[in-house]
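Next up, some structures in structure tokens.
Okay, so subunit A shows up in both of these, paired with subunit B first and subunit C after.
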Partner chain A sequence: MSDPSVLIERAKAGDKRALGRLLTLLEELNADNAWILERLSSEGGRAHVVGITGMPGAGKSTLISRLVRAFRDMSYKVAVISIDPTSPISSGSIMGDRLRMQEHATDPGVFIRSVTNRGILGGVSLAALAMIEAFDVMGYDKIIVETVGVGQSETDIMNVADTIVVLTMPGAGDDVQALKAGVFEIGDVYVVNKSDRPDAAKTYEYMLFVAEKEALGRGGSWRPAVVKTSAALGLGIRELAETINRHFSYVLESGEKERRLIARRTHLVRLVAARLLLQSLSEVMEGERERVGKVVRDMRGFYDEAMRIVRLTGKRLVE
Partner chain B sequence: MSDPSVLIERAKAGDKRALGRLLTLLEELNADNAWILERLSSEGGRAHVVGITGMPGAGKSTLISRLVRAFRDMSYKVAVISIDPTSPISSGSIMGDRLRMQEHATDPGVFIRSVTNRGILGGVSLAALAMIEAFDVMGYDKIIVETVGVGQSETDIMNVADTIVVLTMPGAGDDVQALKAGVFEIGDVYVVNKSDRPDAAKTYEYMLFVAEKEALGRGGSWRPAVVKTSAALGLGIRELAETINRHFSYVLESGEKERRLIARRTHLVRLVAARLLLQSLSEVMEGERERVGKVVRDMRGFYDEAMRIVRLTGKRLVE
Partner chain C sequence: MQSPRTTRRIKVLVAKVGLDGHDRGAKVIARALRDAGFEVVYTGLRQTIDQVVAAAIQEDVDIIGINQHEGSHFHIARKLLQKLEESGAGDIPVVMGGSIPLVDVEPLRAMGVKEVFLPGTPIAEIVKRLEEIASERKHLAPRAKG
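== the complex of A and B ==
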């Protein structure tokens, strides 16, 4: 039943349960099933990967839900991958999928999936990148990756998305904090959400200034766009969808899409290699646990011990 | 100036700037400076590591600030390590250290440090564990690690803390979500914060029930405690500090402290080894980037390529 080849065929035929199982396999990628990725991806490379980041409270989930609807109205198939642990979508793997996104639950052209942390180093990034490949092959046109904009996984995803959308909201404090955190250096599209609030105009002006500054610092002819929305009221969503599409046309025509695709897949090779390395390390540690425990009790010989483990792992890998 | 041996000596003599620099080195641990850990830790192993977890909004930062004060009143030296990216303490490395925790800024017996994500796989866990060793050696009695309770780093820390404090607040929704997320399976001490709110009694009753259930499922004679606080009003803080101390007496007497110390340091060996493995992988990838990019463009040969990278890395390690 969960033979990956069968799952791939069924998922391609539109079987959502099969796709769900396939995604679970990809989340738990290891030496025995890493070949699935290769099988999956030889046909992909067409999808538009949209990274959406923003601080908790900016209304990300509601905005994404609206954006999914807008893309559906344009007849795109849409997948959402949530790697924001504070998101209702993501916490999520537990409840959120069924809550906020409920309106899309019965739509065969929408698939929403959160990446759970299964306690594996680098697991979130690898799972998200592998899922992108899967959704791509399955014919999803828009793959939205939701992140909170901090942490390794976010950085990984943002570096390889085709379009990066940065969400902000009225309130200077947040802006300054996000600015200092460097969030505003990456956006292709900036969104001022909750723009029905009276203090929105100031934030909008500020974001225009940020975009202007960005435009100067970058190569290429794309000038970061600023869009006003109110996700709660459903305002500005279509304009946002169109702006995101316009950016995709830009990356396609400029050759940037090809460059990002290669970067994404190269990073995936690296993450798979890292997973296999760490799997080997785990196996070595398992066998050496008792000895390591004795040595490290008072930390004398700690470094030699770490080096010994590294060499044992290396040896295991070349065998 | 930043010769690690000199920094260690100065930090031991109470020089906070030297300690700060040392922590930065530990954050960026690599093959060239991993020996610092060994130098540091041979004298440690005495500190009480307290992991504090809780959803954003539960008042964690305020509670920790109060708890620091309470421990100071008991004449303990206190360190705080924040690995919660949404915490004002942590975001933090940027602003928070100076904001919420300001009252402790001039206290020579308090050191507050957030762990920033420097884009290195597993970096947060390694940095936090290495910092624990540093604070331990420098004579800090209580090392508080603040986490948001989700993600790999949190799991890592919680597995190796001596005492785990789980923070909740009135509001059934949160409880159910946290319960489903498994947060409530790990606490040694549960805190119902904002207990001045009218709906606090229900949550308190519920947490007593959770603690009761936990007590049944565990070995050992410790029965998870439930403490009511209002961090904002400063209520229940001393009782919380005393309960945390009582748990420390328990782990010391039961031999659990020794077991957790060894587990913590064994995990540190593993993380250092992982860091060195991944450093090797980066070097290999650097040299192979062009070839990998060509191969992965259409993903044919993807898996063989990942395996080739793994073997190259292994080879490099045994040389």
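== the complex of A and C ==
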């Protein structure tokens, strides 16, 4: 079970062990095994990629577990990619999202995979992007990607998903910080989760206002939707699933699907390039450490030194 | 052009099987492994054997760690190893810890449990042993080819 071509064939036949192994190969994407992704992607582009983003604790994982059930009831095959945000390069990570979805672990039509964000830019790692391509070919209709929306990562999900679901909860939605962070500019669907809580009505009103305001500034005929849910109690889930599907119909009919697919794959190429660059840069910096150390003593000529490093990095890459 | 080597971290599934109601020990282990640089998939309490095997396969972990405090470790080990084998994942090593008595260690090993950690085993020793087990396995791991 070591030949990637065999893994692909077996995975297509529904062998989850083979698919799990294949995803690991994609996680370690490099020049030698890039052909695997080429082969997979040549057949893909059909699945519906749903990005779910929001602050930690908003209820993303709990809600996804409910959504998986709803999509399964509609007879879709569902894959979940859960991206662990808290893993600086130097240390490990605990991937805990899966815990909330384990009830689906043994469902033949569900595949859940956790990946760490060892990617360099934004919240969606290169590994996750490569995995989307694989799930697509393996017949998963809905590919749900969970990312934490902080900093740059929520704009990152724009380049990845066909449908972007932004999760908020009572007390968080009317937060100026969230507005500033730009989270409320990217959603196709806004969800006010934890609507079992008494202060939910206010947040819902606020999100309606945000969506209304935002609809004005957009091209296309899709108006951002706002849905109230309680992932804990299982309320509003069906409506959410249907809204997400309605958005996908829009994406397909408007020709937006093609554009989003290109954006996603362009982003993948960008992340590969970024990784190569950074890899080279670290190697050059390591080799030039002494010289740089001297320059920074009085910082004289530091800018030229940086430019020299850039040139060396470029040279190293080309070699 | 050279390609960057991405060194994959060791990925471990930490699980508790059965009705045993507290997971303090499992959480302590999960955190310690994370601090040692492992990727830890934590599945929580009261997992069935089938759920553990499904998670291990989908996550493609290098090692399955079972933390057990009730006295059913033989039963669990037997069923888990059997289910792994049936699912084409018999190559994933299983280790156990929790409150397993010394006399049971050898019989568990004989059954195919890769390692048993007795109560009070220092975390550094667990980390070292898991690293060894994972690296033994990497020799067998499929290599991508062009």
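Criterion: the second predicted complex is superposed on the first by the 241 of 319 C-alpha atoms of A that agree within 3 Å, B and C clash if a C-alpha of one lies under 4 Å from a C-alpha of the other, contacts with A are read in each partner's own complex, and residues count from 1 in each chain.
Keep this in mind: contacts are C-beta pairs under 8 Å (C-beta built on N, C-alpha and C of every residue); 3 or more make two chains touch, one makes a residue touch a chain.
The structure presented is a predicted model; accordingly, all values stated were derived computationally and were not measured.
When both complexes are overlaid on chain A, the residue A:A215 reaches neither subunit B nor subunit C. Applying the stated contact rule after C-alpha superposition, one finds that A:A105 touches subunit C and leaves subunit B untouched.
In the superposition on chain A, A:L252 makes contact with neither subunit B nor subunit C. In the superposition on chain A, contact of A:D3 is made with subunit C only, not with subunit B. Subunit A has more of its residues touched by B than by the other of subunit B and subunit C.
When the two structures are aligned on the shared chain, A:I309 is found in touch with subunit B, with no touch to subunit C.
In the superposition on chain A, A:R113 makes contact with subunit C only, while subunit B stays out of contact range.
Contacts of A:R17 after superposition on the shared chain: subunit C is touched, whereas subunit B is not.
Contacts of A:E28 after superposition on the shared chain: subunit C is touched, whereas subunit B is not.
Overlaid on A, the two complexes show subunit B and subunit C touching the same residues of subunit A, namely 35, 91, 94-95, 276, 317-318. The residues of subunit B lying in touch with subunit A in their complex are 34-35, 37-38, 40-42, 44-45, 56, 85-86, 91, 94-95, 117, 119-124, 133, 148, 150-152, 155, 177, 180-181, 261-262, 265-266, 268-270, 272-274, 276-278, 281, 285, 289, 292-293, 296-303, 305-307, 309-311, 313-318. Those residues of subunit A whose C-beta lies close enough to touch subunit C in the complex are 1-4, 7, 15-17, 19-21, 23-25, 27-33, 35-36, 87, 90-96, 98-99, 102, 105-106, 111-114, 116, 118, 275-276, 279, 317-319. Residues 1-6, 8-9, 30-31, 33-44, 47-48, 50-51, 54-55, 57-60, 87-89, 141-146 of subunit C touch subunit A in their complex.
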